[in-house]
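Shared chain: chain A. Partners: chain B in the first complex, chain C in the second.
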Partner chain A sequence: MPDVMELVYEVSNEDFTRAGEASSDVKRKLKKLGIPSDVIRRVSIALYEGEINMVIHAYGGKVTVTISEEAITMVLADKGPGIPDIDKAMEAGYSTAPDNVRNLGFGAGMGLPNMKKNSDEMNIETQIGVGTTVTMTVKL
Partner chain B sequence: MDLYGNSVYLLENQCKGCTNCIKHCPTQAIRVRNGKAVISTEKCIDCGECIRICPHHAKKAKRGFIDAINNYDYSVALPAPALYGQVNHLEDVNILLTALKAMGFDDVYEVSAAAEIISRESREYITSHREKWPIISTACPTVVRLIQVRYPDLMDNLLPLITPAELAARQARARAVERTGLPPERIGIFFISPCPSKVTAAKSPIGYKHSDIDCVLAIKDLYPILVSTMGEVADHPEDLAISGKIGISWGITGGEAGGLLSDAYVAADGIENIIRVLEDLEDDKFSSDLEFIELNACNGGCVGGVMTVENPFAAKAKMQALRKYMPVSATHNVKTYPYDAEWTDNVEYMPVFELADNLKDSMAKMSEIEALCKELPGLDCGCCGAPTCRALAEDVTRGVAKKSDCSYVLREYLHKLTDDFHELNQI
Partner chain C sequence: MKVSDICSNKDFKLLTKDFEDREISKPFCCDLLSIAMGKAPAGSCWVTVMANANTLAVATLTDVSCIVIAEGISFDDALIDKANEEDIIVFSTSLPVYDAAAIVGAGL
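Moving on to the complex of A and B:
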């Protein structure tokens, strides 16, 4: 009997409207598992923001969600441009999103702050020109 | 015991097992077993989608019939606002109300009149509960049931007020007791409903223990007689109408929200649309200034209920024409009897979709489901009796179906058997 469950999603950058598929599916599954609703809420908000970032700032990537009896861990890995200044990127309201993206209602600069707020631990590893991996944990 | 007491049921001899309904059920509550549709009562939210879709008319709504007025000494009809959208060229609501009396009821009490009181109560509740914004309407019992089984996080946003039909029933009984001096139980309260969902709500109310509605009739059952009776009374209508625009508008989408006299609302109708709104609400995707969310399970609002007769869009147009020259509200001219519109019971989440009662077992089941899904063809054809391959996988892990219920799995198995048989023959 497995003590952990792993869910893996490819996030494509081809279609904007598809961003959010991973977080919706994770949400549906966590509900079936009977995970407390406040945890589900935090996971889906954090994951959705992360997914959007992978689509608008990188070129899509891979999301791995691990569920155990202790915590839910989300690893969002992309091969995008990387983040030059993480502290700056973490600031509320800071955004490099281009106008066309802002016109769609994204790019308010609240994604990373919200991800941090909704997870118990968050870690960003990034390398310019290579990619970014964001790891978030929500404890049960 | 039928704990949830839902009102949609199957006429077994008419069901062909065609699987149309299982595909359209928003909560995946139906399976075809041994060639017949089976509804899981704990998952059914009485939306009526399967009644709409069944090509063989095998799905029906439990409801009462008008001859039940003979069980009472005095009977009052409570027409839902949606009823007004069913008849052509209705210029005076009094004609319709007088016709109801001519059909055998001793009195009528418009649900739309009670709706105006509920609009006022809602305004008060919303203004004094800013911390619960956006508040979600509870007038459509299907919406409340859906939230109750699927959106635990939104339970706290529900507007904890009885429905207009319920308040109308209580007011009508009080008025009848006053007028007749009869004991309350000798008075029959008959709600004329657009949908099975409201039949269920009268039987097993959510938020309070007992409903004052004694019997729920279907708009479509009364319709033929109503229309012909209206012709008979058209030139001498009694003065019975007691509601205005705000009340009447509750029958169409946006009407309830309109009665709040604020623009900070969202109104969505149709089961797929309301699910999208609820999913987004759960993820905080709406602005925090939003005060109210009106949700109606049926397209167009209650005029689209499955027990109505008119096309919902035509019905909406008729209601708009009808209300044009009405006063905004009329209830302030009407005597109201003491009432308490707030829910008296706690409404709790019902986790009917969870896989097991602890995380470890749930995870084991989910892993099994994932593994099984990989072995199924992913066609979601419905031949196994489940709406999707994933639903079959879940049924198998719950022990209520077999993997070989899938025709493709079975065929492969048979192929293998015949191959083995050939090999044996060649030895």
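Moving on to the complex of A and C:
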């Protein structure tokens, strides 16, 4: 295994049902690298929730996953509307998702709490009208 | 109980291809995908009425052993193709969610 491996994905906002391609691919690659299955599960869940958020709350964006000997780092950057109140957004159950998204089973306001729970470190940088970058780290 | 044991119950119909058999850890019921995402135990038999492409993504990421689509909710051919591509086992049943899960739970 090389010291550091970097994976980059464009997340499109065109088709909500296709969200999850980055997380599925990362999951396959981590499995091949022999990463422990509980780590894979945490990374997959955190990344999928992040991807879904980029699709429903922003206009898609870019996902960069870095795998090193010590940790898996996920950076999700979008050029969406930004998050006005991060503390509120982090509350379980808080959601501004539209009805069509709720009808598909999302928008329960559990995404950011799930991401926090499944990562060892999570940081959100956001600017209204500019975009949001969420960085999550899962230690190996 | 293994996934193959579900096949022998006449109330359940296998929608996807032949599969590699696997132990079921427990039944799990939830229709809100965000919650299923956080809570579905690995190896569980996930009983739900939510039948869309995101259901398949959540099943893959949580590593459930199989999905049971309850209440006779339709699961269209495009979804079956996608499930087959990703090696996800999907059953359908006309039973309500609880009844379907209770049958799986009783077999454990």
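In this text, the second predicted complex is superposed on the first by the 138 of 140 C-alpha atoms of A that agree within 3 Å, B and C clash if a C-alpha of one lies under 4 Å from a C-alpha of the other, contacts with A are read in each partner's own complex, and residues count from 1 in each chain.
Here is the rule we go by: a contact is a pair of C-beta atoms (placed from the backbone, for glycine too) under 8 Å apart; a residue touches a chain by one contact, two chains touch by 3 or more.
Source: prediction; values computed, not measured.
When both complexes are superposed on chain A, chain B and chain C clash.
Once the two complexes are laid over each other on the shared chain, residue contacts for A:M5 go to chain B alone; chain C is not touched.
Shared-chain residue A:S44: touches chain B and chain C both. In the overlay built on the shared chain, the residue A:A108 is in contact with chain C alone; chain B does not reach it.
By the touch criterion defined above, A:K139 reaches neither chain B nor chain C.
Contacts of A:K32 after superposition: chain B is touched, whereas chain C is not reached. Looking at the shared chain after the overlay, A:K88 reaches neither chain B nor chain C.
Contacts of A:T17 after superposition on the shared chain: chain C is touched, whereas chain B is not.
Among 279-287, 315-323 or 405-413, the region of chain B with C-alpha atoms clashing against chain C is 279-287. The interface of chain A with chain B overlaps its interface with chain C at residues 23-24, 27, 37, 41, 44-45, 48. Interface residues of chain C, counted against chain A in their complex, comprise 31-38, 42, 50, 52-55, 57-58, 60-63, 86. Residue ranges of chain A in contact with chain C, taken from their complex: 16-20, 23-24, 27, 37, 41, 44-45, 48-49, 104-111, 113-114, 117-118. The residues of chain B lying in touch with chain A in their complex are 150, 152-153, 279, 282-284, 351, 353-360, 362-364, 366-367. Residues of chain A touching chain B in their complex: 1-5, 23-24, 27, 29, 31-35, 37-38, 40-41, 44-45, 48, 67, 69, 140.
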